[in-house]
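The following blocks contain the structures, represented as structure tokens.
Note that chain A is present in both complexes that follow, paired respectively with chain B and with chain C.
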Partner chain A sequence: MEYEAVIGLEVHCQLSTVSKMFCGATTVFGQEPNSQVDTLTLGLPGTLPVINARAVELAVRAALALGGDVREHSKFDRKHYFYPDLPKGYQISQYDQPYCVGGAVTIDLADGGQKVIKLTRIHMEEDAGKLIHQEHGAWSEVDLNRAGTPLVEIVSEPEIRSAAEAYAYLMELKRALKWVGVSDCEMQEGSLRCDANVSIRPLGQAQFGTRVEIKNLNSFRAVEAAINHEIAAQSALHRAGRYAEVVQVTKLWDPDARTTRMMRGKEMAADYRYFPDPDLPPLVITAAERERIRAAMPELPRARQERFQREFGFERAMAAELTAEAGIADYVEALVAAGAKPKLAGNWTREEALRLANESGRPLAEVAPVAAMAGLIALVDAGKVARVVAKAECAELLASGQAPEAFFTAKGMIQVQDAGQLQAWVAQVIAGEAKTVADIRAGKTAAVGRLVGATMKLSGGKADPAAVKAEVLRQLGIAG
Partner chain B sequence: MAITEKDVRHLAKLASLGLDDAGVARMARELEAIVGYVNQLSEVDTTGVEPVANVSGLANVTRPDAAGPMLAIDAVLANAPARNQNAILVPKVVER
Partner chain C sequence: MTTARALAAQVNAGASAAAAVEQSLARAQGDTLNAIIRVHADHARAQAASVDARVRAGERLPLAGVPLVIKDNLLLAGAESSACSRILAGFRSPYTATAVARLESAGAVVVATANMDEFAMGSSNETSCHGPVKHPKDPTRIPGGSSGGSAAAVAAGIAPLALGTDTGGSIRQPASLCGVVGMKPSYGRVSRYGAIAFGSSLDQIGPFAADVADAALALAVMAGHDGNDSTSAQRPVDSAELPADPLAALRGARIGYVAAHEAGLAEDVRARLELAKRRLVEAGATLVPVTLPHERYAVAVYYVIATGEAASNLARFDGVRYGHRAEGAKDLGEVYARSRVEGFGPEVQRRIMLGTYVLSTGYYDAYYKKAQQVRRRICDDFAGAFAACDAILGPVSPTTAFKAGEKLSDPLQMYLSDIFTIAANLAGVPAVSVPFGADRNGLPIGLQLQAPLWADGRMFALAAGIEALGR
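Right, the complex of A and B next:
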């Protein structure tokens, strides 16, 4: 029997603020435990929360980037549970009046098509502290630095149908949120976290199956692996006639064992006793405020990806890669503005500039200045420098800070356009490669490449490979 | 408004409180009295009154995103039952 997975994702995203959601304690990652704590973080009596205006603005940016409906009226509620990561005994969240309803994430499918995953809602809340359970000891260690950090929780409709779609959804979400400066979305640092609700049903069945919630998914690959694992487990039980054993539970993903383990069963289903937080007056986001924030939004990544495909003639994969981050897309457009043909700008960014940036960990425009890169592309495009030579010398040129033409002239690498010189080089190579020539005449036309290579070597890289090939074919009397 | 012993046991579990049978019976009586007292509010006729979640009459009380004063780590840990360097130690808890 064929099965279809039904998956909904809940993504928590930390907002890039200096201070916490409701107090002035700071939010820097990786600091000494309990060094970013104030009286409110500790939930001490007499403290009162005050909303961080920047967190609200970033949350609205997130909502607008995802096409959500920003509500004028929303409020904050208390979500109660007793756990050492939450000193107050409740988390401030938004329950029945979230600040954003709806929205959508468009993903690219492997078959070349697209799919729109609708969002249920987005709400603001505060993060809990971090617990580290001692592996061998009897203790758990509590670090409250993260407690109170502002989050948005983005809840998708159960419209995701495979682990691959879930992966694509998360990548697209991350791209959009980073793009508009809402969050740095580092899963390893916990600034983007994901819980997955997974069920299966026989293909064609309209009714949903029993869903299992999986937590502790702390990388994109973990999300993919955990979902695949859960789909396989539920399908196997269904096939064996034991589907009744699939019950509504919460499981934890164990990335080392690549399996899930039970966290809590249905009988322990959460009972959070939400009620409106009397310490916080309601939040009003006026249409004027919303539109002010919208006006300051950049062109969104998906729109830019589609524009790159349309205006620059990029394939989808290339357009996606070059709009993975705003900085990359800006760089490509700067090369085009400096005169590079869009396809060449795209290819050189992909193959050289991005590689150099990744290797050095420095920004693109610093490691591959636009003027130098555009100059290099122009030299290759004009046939003045061989592409292979340009690629080999690219890193050195960019590091040298020299003007490209001066750099290649000094190295004697400007291609010789002189036809007589070219003919002489080719004739010399052909004379010395009798066996290769015989191979070619016997039908091994691929061996022509060997003659081209030998000529390039003889010329010291100064010949134009395309012209060399044409000359080789001409001298051998073969039609090109 | 009846508060049953079952309600009390559920609440005790949510609040991580250990109650013996006598405690459960006592809490049921006391909670019933408290909830009954508050429940007098339901006798007020609220026909035509808009529900409110907050009575301050305020909206959008916010502050700029700026770092404020924080506590020294020793002050943060002053009430901790135990510590390991700068982390608070609590008896090992299961994930939830």
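Right, the complex of A and C next:
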């Protein structure tokens, strides 16, 4: 029997604010435990939450980037549970009136098609702290640095059908959220976290199967692996006639053992006793405020990717790669604006500029200034510098800060455009390569390359390889 | 006893704040009512010296050198605050409540902390971990609660001003029973920042004073928006000034009354209420019968909403970060359970359990949500009544001060002590208890005036008139 997976993802995304969701404590990552705390973070008596306007603005940006419906009226609720990472004994979240309803994430499928994954909702909430177990003895320690950090939780509809789609969904989500400056989306630092709800059903069955929730997914690859693991486990039970053993539980992914272990069963499900937080007035996001934020939004990555395909003639993969981050797309467009043909701008960005940026860890425009890169592309495009030479010298040129033409002139690498000189070099090579010429005449046309190579060598790299090839063929009387 | 206004005037004219504060400290240290649980002598002397210095430097402060007693659920930086609960034993706040800070910057001096019902849960000041407070006029009786220590401290002359908190009558009821003025402001008028929360949508900090004018002055100083409390209002604050002739405000005033309030009142309380109404008419006011049809649900609604919010607010007292932690717990669950069982008294535990229940899945709609719907109706009732009158006059407490222990074992009877005061908290409207004579045993009787939301200043003007009629 064939099975279909039904997957929904809950993504927690940390908003890039300076201070916490409801107080002035700072949110710097990687600091001394309990250094990013104040009286509210500690849950001291008498403290009251005050909403961080910047967090709301970023949350609205996230909602608009994902096409959600930003509600004018929403509210904050208290979600109760006892745990040492939760200083107030409750988390401030949004329960039945989230600030954003709906939205969608469009993903590219392997077969070249697209798929739209709808969102159920996005809501704001504060993060909990962190427990560190038995690091300094037989006890657990509490670090409240993260407690109170603003989050949005993005809940997808159960429309994801494979681990690969889940991966693509997360990549697309990350691209959009980073793009509009909402979050760093660093899973390693916990600024993006994901829980997966996974069930299977026989292909063609409309009814959903029993869903298992998987937590502790700390990388995109972990999400992919855990989903595949869970699909395989549930399918195996179904095939063995033991599907009843799939029960609604929460599991933890163990990345080292690449397996899941039980966290809690349905009977342990907590009663969070949600109720509206009386310390916070209802949240009002006026249409004017929402539109002000929308007006300040950049062109979104998916739109830009599609525009690159349409206007620049990029293949989908290239368009996707060059719109992975706003900075890359801006760079490509700057090259085009500086006169580079779009395809060349795309290829040089992809093959050289991005590589240099990744190697150095510096920004694109710094490691490969637009003027220099555009100049280089123009020289190659005009046939003045051989492409292979340009690629070999690219890093040195960009590091030198010199103007490209001056750089290559100084190195004697400007290609010779003089037809008479070219004819002389080719004639000299043909005269000295009688055996190769005989091979070619005998039908081994691939040997032409050897003559071209020899001519390039003779010219000291100054000849244009395409022109050399044409001249070789012409002198041998072979049609090109 | 000298009023706060008179004392401030003397200090502003060169009298010593330090001397006034020494007198108050001595009285606080000599307290025999168990009204005071902590005296802040060092703090008070330093603050008094600072007031004297400011006055010498030319400042004129509305509360210059006025000794102030604060309820034990209001935070003062560096001092212990425990809401009279074992669970907060030894807790010292790193910050001061906004209301307290504003009074002190206007020249008031915190001299002592007053006893209270644990976490403000009680109407007799008998649930405190520091033991009960005695009534200033009869040590066998209770002073009312939960701000019983604050009311008794003003009645006994320890300080001219005290702060309390009022969630369902916790300022007005002890004020009535002790014969002082006690006022609950409009919800949002005074910042709750630094008040240990009980029922967040109901709690307000308010003043106790010997007369209405002092209470009005204290409120004017504390009131106003605070960036640390999102529920504090941005509205301008009423002036503390009252008409020079207190009876002037009564002429032409429309004073509402609810006929149903008279049922179940002790005979002497009803008689004083009737007398007040007669004198109001003589003073030129018009009496307007009004109805609050949903007020009879107020106690039920209150014990759902207040306990739900309290169970949530008190979740932070878990023995993990501060306060009492049980010794020898074997695991995390035991740390929580034992710390909380040892730390909270029986009344607080009862309310936490009630509140946890009403917020539980499957019960939320039937209790908390329904209670909020009825609360809305009560608000509408007040809006309707205030369309026909400027303020509503009525009783504060059905009886005068009752005997210690009389209602402690009967929570329902105790809860009914607040039957007339709870509706104002649910509706958020301001209300004040004004002394109006005494019963046949000499025990004080207070009358309540309730006014529309944000009419705190107008309410004080009318209350001053009633105060004058009662003398």
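By definition in this document, the second predicted complex is superposed on the first by the 464 of 480 C-alpha atoms of A that agree within 3 Å, B and C clash if a C-alpha of one lies under 4 Å from a C-alpha of the other, contacts with A are read in each partner's own complex, and residues count from 1 in each chain.
Convention: contacts are C-beta pairs under 8 Å (C-beta built on N, C-alpha and C of every residue); 3 or more make two chains touch, one makes a residue touch a chain.
Given the structure is predicted, the values throughout are model-derived calculations rather than measurements.
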(message) So in the superposed three-chain picture, is A:84 touching just chain B, just chain C, both, or none of them (first/second/both/neither)?
(response) both
(request) State whether chain B or chain C is in contact with more residues of chain A in the superposed arrangement. (result) B
(message) Is A:321 touching anything from chain B or chain C once the two structures are fitted on A? First, second, both or neither.
(response) neither
(message) Is A:439 touching anything from chain B or chain C once the two structures are fitted on A? First, second, both or neither.
(response) neither
(message) So in the superposed three-chain picture, is A:26 touching just chain B, just chain C, both, or none of them (first/second/both/neither)?
(response) first
(message) Going by the contact rule set out at the top, does A:142 touch chain B (first), chain C (second), both, or neither?
(response) both
(request) Go through the superposed model and pick first if A:281 touches only chain B, second if only chain C, both, or neither. (result) both
(message) For A:46 in the superposed arrangement: first (chain B), second (chain C), both or neither?
(response) second
(request) Determine, under the contact definition given at the top, whether A:271 touches first (chain B), second (chain C), both, or neither. (result) both
(message) Counting contacts the way the document defines them, which residues of chain A are shared by the two interfaces, the one with chain B and the one with chain C?
(response) 39, 42, 50-51, 80, 82, 84, 142, 271, 273, 278, 280-281
(request) Using the touch rule from the top, collect the residues of chain A that touch chain B in their complex. (result) 17-19, 23-26, 32-39, 42, 50-56, 75, 80-84, 131-134, 137-144, 215-216, 252, 263-264, 268, 271, 273, 276, 278, 280-284
(request) Provide the residue numbers of chain A that touch chain C in the complex, in ascending order. (result) 39, 42-51, 78, 80, 82, 84, 87-90, 142, 271, 273-275, 278-281
(message) Residue numbers of chain B touching chain A in their complex, please.
(response) 10, 14-16, 53-54, 56, 58-71, 73, 76-77, 79, 82, 84-96
(message) Under the stated contact criterion, what part of chain C meets chain A in this complex?
(response) 75, 81, 83, 88, 91, 93-95, 97, 192-197, 199-201, 227-231, 308-309, 311-312, 314-318, 320-322, 332, 336, 356, 359-361, 364, 368
